[in-house]
Amino acid sequence: MDLLEYQGKQLFARHGIPVPDGRPARTVDEAVAAAKEIGFPCAVKAQVKIGGRGKAGGIKIANDEDEARAASDAILGMDIKGFTVHEVWIETAAPQIESEYYASIVFDRGAKAPLIMLSTQGGMDIEEVADSNPDAIATLHVDPLLGFQDFHGRRLAFEAGIDADLVRPVGAFLHQLYGTFIAEEALLVEVNPLIVTPERKVAALDAKVTLDDNALFRHPDNANLRDPSDEDPQEQMAHERGLTYVKLDGDIGILGNGAGLVMSTLDVVAHYGGAPANFLDAGGGSKAEAITSAVEVILSDDKVKAVLFNIFGGITRCDEVANGLIEAFKTLDPKVPFVVRLDGTNDVEGRKILADASLPNVHTAATMDEAAQKVVALAKGEAA
Amino acid sequence: MDLLEYQGKQLFARHGIPVPDGRPARTVDEAVAAAKEIGFPCAVKAQVKIGGRGKAGGIKIANDEDEARAASDAILGMDIKGFTVHEVWIETAAPQIESEYYASIVFDRGAKAPLIMLSTQGGMDIEEVADSNPDAIATLHVDPLLGFQDFHGRRLAFEAGIDADLVRPVGAFLHQLYGTFIAEEALLVEVNPLIVTPERKVAALDAKVTLDDNALFRHPDNANLRDPSDEDPQEQMAHERGLTYVKLDGDIGILGNGAGLVMSTLDVVAHYGGAPANFLDAGGGSKAEAITSAVEVILSDDKVKAVLFNIFGGITRCDEVANGLIEAFKTLDPKVPFVVRLDGTNDVEGRKILADASLPNVHTAATMDEAAQKVVALAKGEAA
Amino acid sequence: MAVLIDNDTKLVVSGITGREGTFHALNNKSYGTNVVAGVTPGKGGQDVEGIPVFNTFRDAVAQTGANVAMVFVPPRFAADSILEAADAGIPLVICITEGIPAHDELRVYTHLQRTGTRLVGPNCPGILSPGKANVGIIPASFFKEGNVGVVSRSGTLTYKIGNTLAQAGFGNSSIVGIGGDPVPGTSFIDVIELFQADDQTELIVLSGEIGGDAEERAADYIAEHVTKPVVAYIAGFTAPPGKTMGHAGAIVSGSKGTAVAKAEALEAKGVRVGRTPTEVAEIAVEILGG
Amino acid sequence: MAVLIDNDTKLVVSGITGREGTFHALNNKSYGTNVVAGVTPGKGGQDVEGIPVFNTFRDAVAQTGANVAMVFVPPRFAADSILEAADAGIPLVICITEGIPAHDELRVYTHLQRTGTRLVGPNCPGILSPGKANVGIIPASFFKEGNVGVVSRSGTLTYKIGNTLAQAGFGNSSIVGIGGDPVPGTSFIDVIELFQADDQTELIVLSGEIGGDAEERAADYIAEHVTKPVVAYIAGFTAPPGKTMGHAGAIVSGSKGTAVAKAEALEAKGVRVGRTPTEVAEIAVEILGG
């Protein structure tokens, strides 16, 4: 789960990491009240889970109440790269900035250890720095059982070329950032820029945090940060039903069981010229009810022109899937064609159930390739 | 540093370990006031760093104010195995006890890991249990970097034969005890008995805690628990002067440099029939001033009948030691004979300085054995 | 020969008294796997259709000589169960549980590197050595004994590939699901090393997917150490960046972990990559001369 | 040959800009030890009488090829410095610092077991290989090159024993102070193993003291693995239980760790134990036929 900037900063503050004072607001009036509380000048910052909001006009400085009103009015509701701004964060305007550094900790799967990165090239896109000037980024893996040691901070700071007087405070900052990463079970914590003030203090001027969904049961406060209004309506519906669903751009609805098989199904559909509308894994041991529920999610996306069922029965039984589809047709009365391919456990029974039901506009296929070809044709309005 | 029972319990309470409510008191009036606050019946418990106080009459139950007064009056000032009781702990009288368990964590040097021990044979001397019924003690080493895991608690509880319904609470108790051991950098935490109430709750009815002196700089609150009035006057004086001194029972004062050499000197003196009065390591690089200071500590023990200096100069220079001794004779005018053996760095110079000073009643020796024999004779009032 | 599990396997199942645990333990047993014990704290002394249940792994090992553990407990208890199995000296732990927190996996992985215990999974379907033993949830009826070793990050896709091979007349030495999580205990490389050393295995099928760089590493390893033919499949060519495709580990981060990069890395090292599961089977048949 | 340090030693000193660090680094250098670098964070670029100072161990290793580290920083910084040296890939770290918290030592020890770095100490006088190199605070002038290897938990006592041997005409291959702390990085056994394999060493002197069971373990090891003669000394026969005798590790706990038990354990395995340092030297002379 990605956090909004201000949620990340509030998390940081709980772990002693210095961040500018601020208040969140969902309406212009709230924003103005927050600005008066914070004092002027203040920054009004769009809260969206996408980079580049500064360039898009999503960050404005307000020197008085009128400017705060105008800024929040302009920003709230703004569309930034497809993300609507529902919230702003009113923050003490950045103190004078002497330097902008970059610091992050990522869960490095390859190395199987947290990876800390530090650079004096803050304020820029770090991937650009990595491409153009990789030596400007100091990196270090931390042994997960030993944890962060003081020398880690020194090594990173000296290697990044940070001024000698800042080696200790930057090291302490990284130590706290690591503490946050571990305590909150984050997959990413990123501070860009990490600023240095004229008083030679450091602070986090931005915060990007990704938490591990699988660990939220241990962090009920964080779990509450999930904002359903942020999610795509189909994804939200799927989430509520315990289905694994990812919205895509195409027009062919996909349902399968097992993440690998569904990914593979998308690929095969694309291979034959189709465009999948979604990833939907009905899961292992899918029961009839889950299938019905999944069909409803797929059809709620009105771009869908045809649906492909690709089931390889293992724990999942094909007869259950067939019954679920029949039930879905009863309750949902779909208007788009279906292609169904059943293989594996109880496939013969499942195919027979479907044949007996003779659902309208439901086609069957013997192989994955045949199924993909059929559904692509149907989505284009051709005969299967 | 060993903590008193109540200090250990206050430490436990800070880490969420259930302990009975209590108050410390240094006078009878304080004790009575504490008892009234706690309520009756309450226990009045002598606070001394030695076991067996119950049998010695150091624990009494008070059912009202008068009994509290009588009990604390009897216990305060009592001598228990050579330890004077300066403080009592007034505690809610133990709730009804269903079972008494034993739990401890020791810093196991041999295995280089914390060792957890759990037994249902609580309330007894655990060394006796270990001798008579070793199977009654479940033991487990914890990997210091991995830390305590839930299964450790289960394994210990099942292996100790604890009732099934208590496996979880006892495991949680051990987890907290381990947390205390690590967070406070203890060398020992022992709970005997760990009680089970009729409500099937567990609590620590006693607490024995040894902290690592070397780690006290990270634990200022714990450092403040040191009570100089508890210490032997010579040890206290040596501690203030930064000398490593251990009081012993004999009459020959010993000064050397380096812990191993001093231990060896004690052994050699004993080998020749003498009884050392102390262990005193003047340390590496001992300067004249430290030597003077050390002599003062040794002589403050009026049992001392003769003093042995055994110096092997490495970083320590024998001329410095000789000068320190001369200075000590000027300021302290000792009445007992000294035997001095100087070897190593600048030994020739040191011996010459001593010879020139011709201090009264100071004898020299060429070897450790000769020095030991001389000092033993002198302590017996014989000629060296 | 097969790899990891065979006729010498003595299986202990953690979470055996749960609904799923009971079902799959009995399923594995009915396949012929020697299921010697279960572990459920507090239920020691009971049995599950004749399989004795113990309170701890140590008891189970002491009483039955169990040498493989299957972990089937809910995610919040899984790391602890794996560590307990390792503490009891079990050399192979197969964790089926999905949804274990990533930091738990990291701690467990790091610790196990320092012990003698191998973890397969988590979030994996288990291991099947046809004709010998089945540990996990792989539907064994689709597979027969043979000379193709399969190692895969996904479950159903593996069944699909194995089934296609079976229809073409080929069987399997072992099918090893290493799981779809960010920190699998056993990597492609580990299993490929085993297949390379396994007499029964003549062809290796690697079924990968987007996310991480395990396939790229495997490509390098294959080029240097593997003499047997390897055929690969990669799922997720159409996956958009930044979206987790079902498996916690299946996510393209920025430009890293794409299916294209993985397929190219493998092909650059001479590994043939099938673009559909059917094509994988066809290549395998071609190589084995079916 | 000598053990651990010799003419190939390239020493980096952590804490070189401190008073003691400077003194002993220069002292070691004047003995002939190849002192190539110092480390003091923030003082990189400076030098100590020609020895270049670096901000980090990694810089020092990269620039000078240092292969032995001596740690001379105050106790609260020592664990970090040892871990930094190990992180920089230095295979041997000798820690002189006394007073390191026991839990720090435990963490460091456990971590180093999993890396390729050996720690000698903490709270030790260092290592002297007479005629080759001196790392630490052992006063080298009392010792000459020879065939007696000494391993000891205490400093001054070691000098005493070495000096007595020298007076009897014997020199040393190496003198290794393993330190008086509860968790020494290197044990008696580790050093005895090195002496057993060292051509120059013909007799091994083990100088132990009360506390722990390192001497008892060494006795078992010697009986099984050591063919060279071993003479032992144990200090602390008169130490009362429960009192720490100067060294943090020198404490008799209950009935455990007594000098009597240690001497008996050694003698039971055929190791001769001298009752005084002089007697140790006499036994050594007798064995070597001086």
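Here the chain labels run A, B, C and D in written order, and each chain numbers its own residues starting at 1.
The rule we apply is simple: a residue touches a chain if its C-beta (ideal position, glycine included) is under 8 Å from a C-beta of that chain, and two chains touch if they have at least 3 such contacts.
All of these numbers come straight from a predicted model, not from anything done at the bench.
Asks: Using the stated contact rule, I'd like to know whether B-C or A-C comes out ahead in C-beta pair count.
Replies: Per the contact counts, A-C leads.
Asks: Compared with subunit C, which chain's mean CA position is the farthest off?
Replies: B
Asks: Per the centroid of Cα atoms for each chain, what is the distance between subunit A and subunit D, given in Å?
Replies: Their C-alpha centroids are separated by 55 Å.
Asks: Centre to centre, by mean C-alpha position, how many angstrom separate subunit B and subunit D?
Replies: 28
Asks: I need the residues of subunit A touching at least two other chains; which ones are they?
Replies: Only 143, 145-146 qualify.
Asks: Among the residues of subunit D, which ones contact at least 2 other chains?
Replies: Subunit D, residues with two or more chain partners: 107, 111.
Asks: Give every residue of subunit C touching subunit A within the complex, in rising order.
Replies: 75-76, 99-104, 106-107, 109-111, 125, 137-139, 141-142, 152-160, 163, 180, 182-183, 207, 209-214, 217, 233, 235-240, 243-250, 254, 259, 275-278
Asks: Which of the residues in subunit B end up touching subunit D in this complex?
Replies: Residues 107, 109-110, 112-114, 127, 143-145, 182, 185, 187, 212, 214-215, 217-218, 244, 246, 248, 256-264, 266-271, 276, 279, 281, 284, 312-315, 343-345, 367-369.
Asks: Where on subunit A is subunit B touching in the complex?
Replies: Per the touch definition, subunit A meets subunit B at residues 145-146.
Asks: State the interface residues of subunit A toward subunit D in the complex, per the touch definition above.
Replies: Going by the criterion above, the answer is residues 143, 146, 149-151, 154-155, 158-159, 164, 167.
Asks: With touch defined as at the start, can you tell me which subunit D residues reach subunit A in the complex?
Replies: These residues of subunit D touch subunit A: 41-42, 44, 55-59, 77, 80-81, 83-84, 87, 107, 111.
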